[in-house]
Amino acid sequence: MPLQSILVSLSRRVALGVVVLWFTVTLTFAFLQIVPGDPAALLFGGDEIPTEEQLEEVRRDWGLERPVHEQYLLYIERLVHGDLGRSYQQRTEVATLLYSGVWSTVILAVAGLVLAVVISVPLATLTAGSSTLLRRFAFVFELVTISMPSFWIGIILILVFSFTLNWFPIVALDNPLSLVLPAATIALGLVGQLSQVMRESIERALKEPFILTARSRGLSDGSVRWGHALKHSYIPAATITGTFAGNVLTGVVVTETVFGRPGLGTITVAAITTHDIPLVLGVVIVSAAFFVLVNILVDLSYGLVDKRIGSSV
Amino acid sequence: PRHAAAEPVSGGEITYGTQTDPVNWNPHQNNQANAFLYLRNIFDTLLEKTENGDFVPSLAESYSVSDDGTVYTFRLRDGVTFHDGEKLDAAAVKLNLDKANETPYSIYAFPNYDSATVVDDRTVEVRLKKPDASFLDSIAYIGWGIISPKSLTEHLNDLPSGGQNLAGTGPFRISSYQKGAQVVLESFDDYNWAPETKAHQGKAYLDKVTYRFLAEPSSRVGALPAQVDVIEGISALDVSKFKDRDGFVYLSNDANGDTFKLSLNAFLSPLDDVRVRQALRDGFDLDALVKSLYRGEIRRAWSHTSPVSPFYDKSLEGAWGNNVENANKLLDEAGWTERDSEGFRVKDGKRLSVRVLYPTQLDREQRSTLLQGISQQLKQNIGLEFIVDLTPSSTYLKEVASGAVHIYPSTWLHSDVRKSLNGLSNGGALATDNKADPSIQPLKDLAAEALATSDNAQRIKIFHELQRKAVIDDVTYIPLLVQAYQIAASNKVNGLGFINQIGSPEGVYDVWVAK
Amino acid sequence: MSLLRARESAIAPASAVPAAIAEVENLNISFPAGGEGRHVVRDVSFTLHPGRVLAFVGESGSGKSVTARALLGLVGDNAQVRHERLRILDHDYSNATQVDWRRIRGAGIGYVLQDALTSLDPLKTVGFEVGETVLEHRLKTKREIRSHVVDILGRVGIPDGERRYDEYPHQLSGGLRQRALIAAGIAAAPRILIADEPTTALDVSIQVQVLRLLKQSQEKGLAILLITHDLTVASTFADEILVFRQGEVVERGTAGDVLSRPRHAYTKALLQAIPGQQTRGKRLSPLPPLDLVRLRPPSASGGDGGDILEVRNLTKTFHSSTRHPRVAVDHVSFSLEYGRTLGIVGESGSGKSTVARIILGFEHADSGEVLIDGKPWSALPETKRRPRRHLVQLISQDPLGSFDPRHTVLRLLGDALGTLPAYRNTAKRDARSYELLELVGLERLHALRRPRELSGGQRQRVAIARALAVEPRLLVADEAVSALDVSIQAQILDVLRDIQKQLGLSILFISHDLGVVQHISDSVVVMKAGRVVEHGDVNAIFSSPKEPYTRELLNARHSLSHFRPAPVDAI
Amino acid sequence: MSRDNTNNAVTNRLSARPKRLSVAVILSVVFLVLIAIQVLFPEAIATHSPITIDPLAALQPPSREHWFGTDNLGRDLFSRVVHGSAYSVSIGFGATLIALAGGIVFGALAGFGGRWLDQALMRFNDVLMALPSILLALVVVALLGTGLVNTLWAIGIGLIPQFARLVRAEVLVVRNAGYVESAVGFGFSKTAVVCRHVIPNAIHPVFVLATISIGGSILAGSTLSFLKLGPQPPAPEWGLLLSEGRSVIEHAWWLGVFPGIAISLTVLSVTVVGKSLQKRYLQKES
């Protein structure tokens, strides 16, 4: 029963995801308990010494005067209701702040990902198992992008393509072209790894007997690569894309900073430098949730591509 | 100073590349000079300060001072409305003044403020605890910008994060704001109450201005002129790209207020010995460092006070610094005669070492590089270890207040006489006046006298005395740079300028774009 | 040799051989890569005729597959192919381009590989794979393809083609998969079919089905090139046989001639090496017997009548979170006398290995007991068992896996010897190691190789030497020869027999190959689904099985060796 | 399964074995040796002091005197890069060592510790994985402050999950390997089996990952520097040099280019060496 087995595997993954989230939340809570000093002052954050009234407000919000287990329950209960607390530095709900940045970040991340796939797929498929000039080029290109800090890639892209050639603006945010260079920065950080992983599995597939069988039917080299071998690189490629998507902030923090774009990355850096702890905790929880979600989707997609997986779970 | 040209035209829009996103949009709570250029578009103050230090009407059509200097009466302009449709009246002003003096809500509370009373619909009376010459500075300062009473009562908690609920009476209103990215302001059509310091009357020329926050200096410079029309904050190296170049306008302006300086903690060993402080002051070649770093675009400072301030003591120029021989002699005298393996001076087994706490978020214009240069020279020249502790720690204010820090580099960008005097009279107690050391009482008395007097000449005299004491005799301050602001623009943009009161870039009310 | 009895010919006499549709003359293939250049096929010539089957037999690596692939131009990019003549379907392919080759592949020559699970793309549906050839050659439109494929699936005996069309290879049983692969091979109606080991991976009964299917195609006029290492299959199926050895054809002729009157010594050895009833007590390989006398007999053998191994009522159930609990071993009892060989046979998954693992103490039985030498064994805690562990040694199907890949042969043997107090001294250990190697027929130079640098037969010899090193009383051989070529298998079986004869060791021999078990065992245990269905003397059971399951096993094997063309409607 | 694929494979592999090291690998090793010399004896290589300022010689382009030019305080960039290698290399090695130690402890506990411990540890590992490494690093820096050692921790902790997973997987594979069982069959004790077989066989891929993650750590370190959260000036850490140089890239290209090349070449070399180790390992394995 495929539907049933999909549901079973889905619910298992969701349950696992909930465990991971619960772990994360508990960890953040524990963090507040462990860090020395007055948790209220810590939560208030910022550069100045908070007044007693301000601290009182924090204590009320977080129930800090209550016993630890009650605090924990209160914390969980609030999170379950989607309440991530308030940023005392920005005097705004954490959820509101994060929401304001989330779309911009998601768009950037997705654009970067799509671009990475668009570059990697042909690069890997065309060069797998061959020793052409293109393969050499791909080899060098991948190694170079892997070895460059991504902020540096971003700066070079801006210098060349925006300021010198004037092809892609980076300032006008409402111009869709302004997404190109930031997305390219994220993509270039991923392309090397992605196409290497894909090439490896395509090469492995090309050595399989079914490829010989396919060739024996009169298929051209191209059809064999695109029609048979490529699909076999999906799972490893999706796996690292999944980890990347979970780590979306890593690429995004740098890219948003370099390009001066709004989003979770910018918010994170600002939150860290201003010691805005409720906001930092919010970012941690949201990105963990995002990771869990993406990986559930990636896991499910395995079953769609490779029917063997769905049925064996 | 203002850049002017013929035949202004109305209409059009510009994109303005700026250095920073305001941390807080509530003018009562914002202390970033770099954010005033947005706030000055949105808010007005009761009075405006002119280039030569006078105060002229703005939202207040006139004002008067009682003879004892404790009661100020403001007569409000008629027909002024806020962006949200509220009317400007005496009650609104009283509310604002009360809020602006309420701690901890406001960071601009005035210590001698007593109360405000509504006399009639258009008249407000402010009572001071005692006469204070710096009061009008506060009145004209954007920190006391007048916010709509509706914003203040109904949306107080939303104001810091900007947005539609933030209403002032200024020539522009917020159209959209994306944190960390940009803010778009649109012209406020009803605006008809520009002060006489402005170049024109009526609504702003521009329909719309987009401030794009570009923290990377190279991004701002690179984006002009293809992607942005105006930028502010230009590094010395980049100036040559715009200055005297076809197609560009380049403006620069020295800041009013204080200079960028080192504040020395004269209560902490080894700086508690004035000879050590003097040696430190004279142990490096500031001229050479500043020249190589800023290529003449930024000047070195001679005093705690900015050279454009009316209170500046010109006689300090050339009176100190770069005297390595004497510095070494002073240290020898002070007993720091031995040297350790790294070449630092030592006394009683202790190394001659000071810790400089400088938060990364304040670091700009290569100031940390300058500090490194100083550190290097002090090591080479006089064997003093000058540890630059560059940390993003948000606890630096607490650390400074605790008295455990030797040196705290800072700028109080403020033409506020009070703050200046406070600083000058703290005897090396670092940014705080809670150090109640009897030895600094005479200085404090002197400062109080300067504030209370209505005689400007007398005040200037006291100021000079205090500056000389702080820089030359006591060495509680070592001035480093005269803070300066730069603007560059494509030459089709006209009417750019700086705020008279502090010298930072002005809003865009007078700006227009040639067709 | 009843197994290899010449087939009564059902084909036309040689005089009526139809005109050749493929002719290969003096084919030479080499792989120049890696410096010295390897010449893997030398001067091979053959012809294919419609309606006739040509079989290639020979050991692994003898060049059968590459020769066949030369017909498709698929030898490999790094290969050098030379020939005097290469005519296929009336065209000269001496200087064919890729485009020429692609035209003939699939449409002119169908190609069926062994092991359908890896020869079908696991990510494509069966229908897609079968239809691919047809679409590629534009023989049908996309619209027509489905019904065409379903039709072909039906023809190869896959019922319910409509449903199977959308299924994936893993959803099909082994037999169905192999049929699907054949369907793909003949989908574009080629005139030649190359079947490269199409039955190797299959159970006996399924082998029969697949061969029937091929036979049917042959009768419709297809020329078939069958590659197999299984002489039984070749003998019952082919018209003509080519015997390959190291890239050369050493013998050729009609199936009957080659198998009943082999001329070449190699063919003779090959035929001789096939174990079974007739070979009991005879040597399978031409190698001389090992001289094991120098090896001190393991501690005085119990000899007369006692049991070295007694298995009492073993039961083992596996619990896993995803599946239902699985009873792998169900009340199994048997015993093995000193110096005798007990065979265990049974289909895959019947619990043979699990029993072996319990005997070796790698698995705990849920209930029941194993006694070694009449003393408790499986009930002992590991620390108590450890000093006696050397008594029972395993020879596994995968010797490579049982060697630490980092160690040389010398070190492997030395480590094993190190468990005996007598060999604490390194010099002694080395001397003994060399001695052991010599005993199992390896040379000194092998001592410094790592396991990966040895051939399969050599590895198995090392495994045996290592097991013997610790002076065991009982050898457990779990599929110990299944992965080996017939001739290598013959050598290893001979070695095992020599050991048993000369050292008086007892052997528990597990295999799914009835012939092997028949050849080597004294008595046999037949297992099915975890239970022992029959247990007794090997001759008695094989000649007159009592249980239906045993009969079934024997029948399938029988029908293969007596394969006759038969109507193919049956599944 | 064809009867003796293994035999073919053996001969194939034997013929592939003597394949020579590629030029790229040789160059990488040479470069890394140079870096190692720089780290050990910076004074011997640097032409100037890395911190001595010379305001009169500020921002000079590369010349015979200053090979990589000078920065805005007139410090010799070449000497700074040479001295900076110690920072970047110690970030690379230090963070990897931390990750390695943590990963081995975690992974081995999970691999040997039984089902419950395994599940618990792996879920904890999932949590660490779920947290973006940069966030983890930022939090560590926010808590502990900046500086070289803290940077090591910040990066190293973020890498632990990767190592833990690999170690666990390897332990599980090796633990079930035939040769482990066979050693038990010969009567070796559990500890002997673990020490002689499990650890030596599991360590190789971990070692390969470690090599590759050295490069990743150097990059991560430079990213932290870029965000001003790494080692602080005047430390000539490469990321810091690069990030300081970026603002003047249009005027003094050398300030951005040379540190950039230093980072990239080092990471490149480490990666090339790591990949070739990996290839050799896989070749041996398959």
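Order as written gives the chain letters A, B, C and D; numbering starts at 1 within each chain.
Definition applied: a residue touches a chain if its C-beta (ideal position, glycine included) is under 8 Å from a C-beta of that chain, and two chains touch if they have at least 3 such contacts.
Keep in mind it's a predicted model, so treat the numbers as computed, not measured.
Two chain pairs, C-D and A-C, are weighed by contacting C-beta pairs, with C-D ahead. Taking the CA centroid of chain A as reference, the farthest chain centroid is that of C. Rounded to whole angstrom, the centroid-to-centroid distance between chain A and chain C, based on C-alpha atoms, equals 49 Å. The geometric centre of chain A is 40 Å away from that of chain B, both derived from CA atoms.
In terms of their C-alpha centroids, the spacing between chain B and chain C amounts to 87 Å.
Residue positions of chain D with contacts to 2 or more other chains are 141-142, 229, 246, 249-250. Touching of two or more other chains is recorded for residues 216, 218, 222, 360, 392 of chain B. Those residues of chain A in touch with two or more other chains are numbered 155, 159, 257, 272, 275. Contact between chains, as defined at the top, is found for A-B, A-C, A-D, B-D, C-D.
Of all residues in chain D, those touching chain A in their complex are 123-124, 126-127, 129-135, 138-139, 141-143, 215, 219, 222-223, 226-227, 229, 239, 242-243, 246, 249-250, 256, 260, 263-265, 267-268, 271-272. Across the interface of their complex, chain B is touched by residues 45-49, 51, 53-54, 90-92, 97, 100-101, 104, 155, 158-159, 162-163, 166, 169-173, 256-263, 266-267, 270, 272-275 of chain A.
Residue ranges of chain C in contact with chain A, taken from their complex: 72, 74, 98, 101-107, 109-111, 113, 115, 118-124, 132-133, 136-137, 168, 170-171, 181, 184, 188, 322. Contacts from chain B toward chain A in the complex involve residues 15, 17, 23, 103-104, 157-158, 160-161, 178-182, 212-216, 218-219, 222-223, 226-228, 359-361, 392, 394-398, 401.
Per the touch definition, chain D reaches chain C in the complex via residues 1-8, 10-11, 13-16, 177-179, 181-189, 196-197, 200-201, 284-285.
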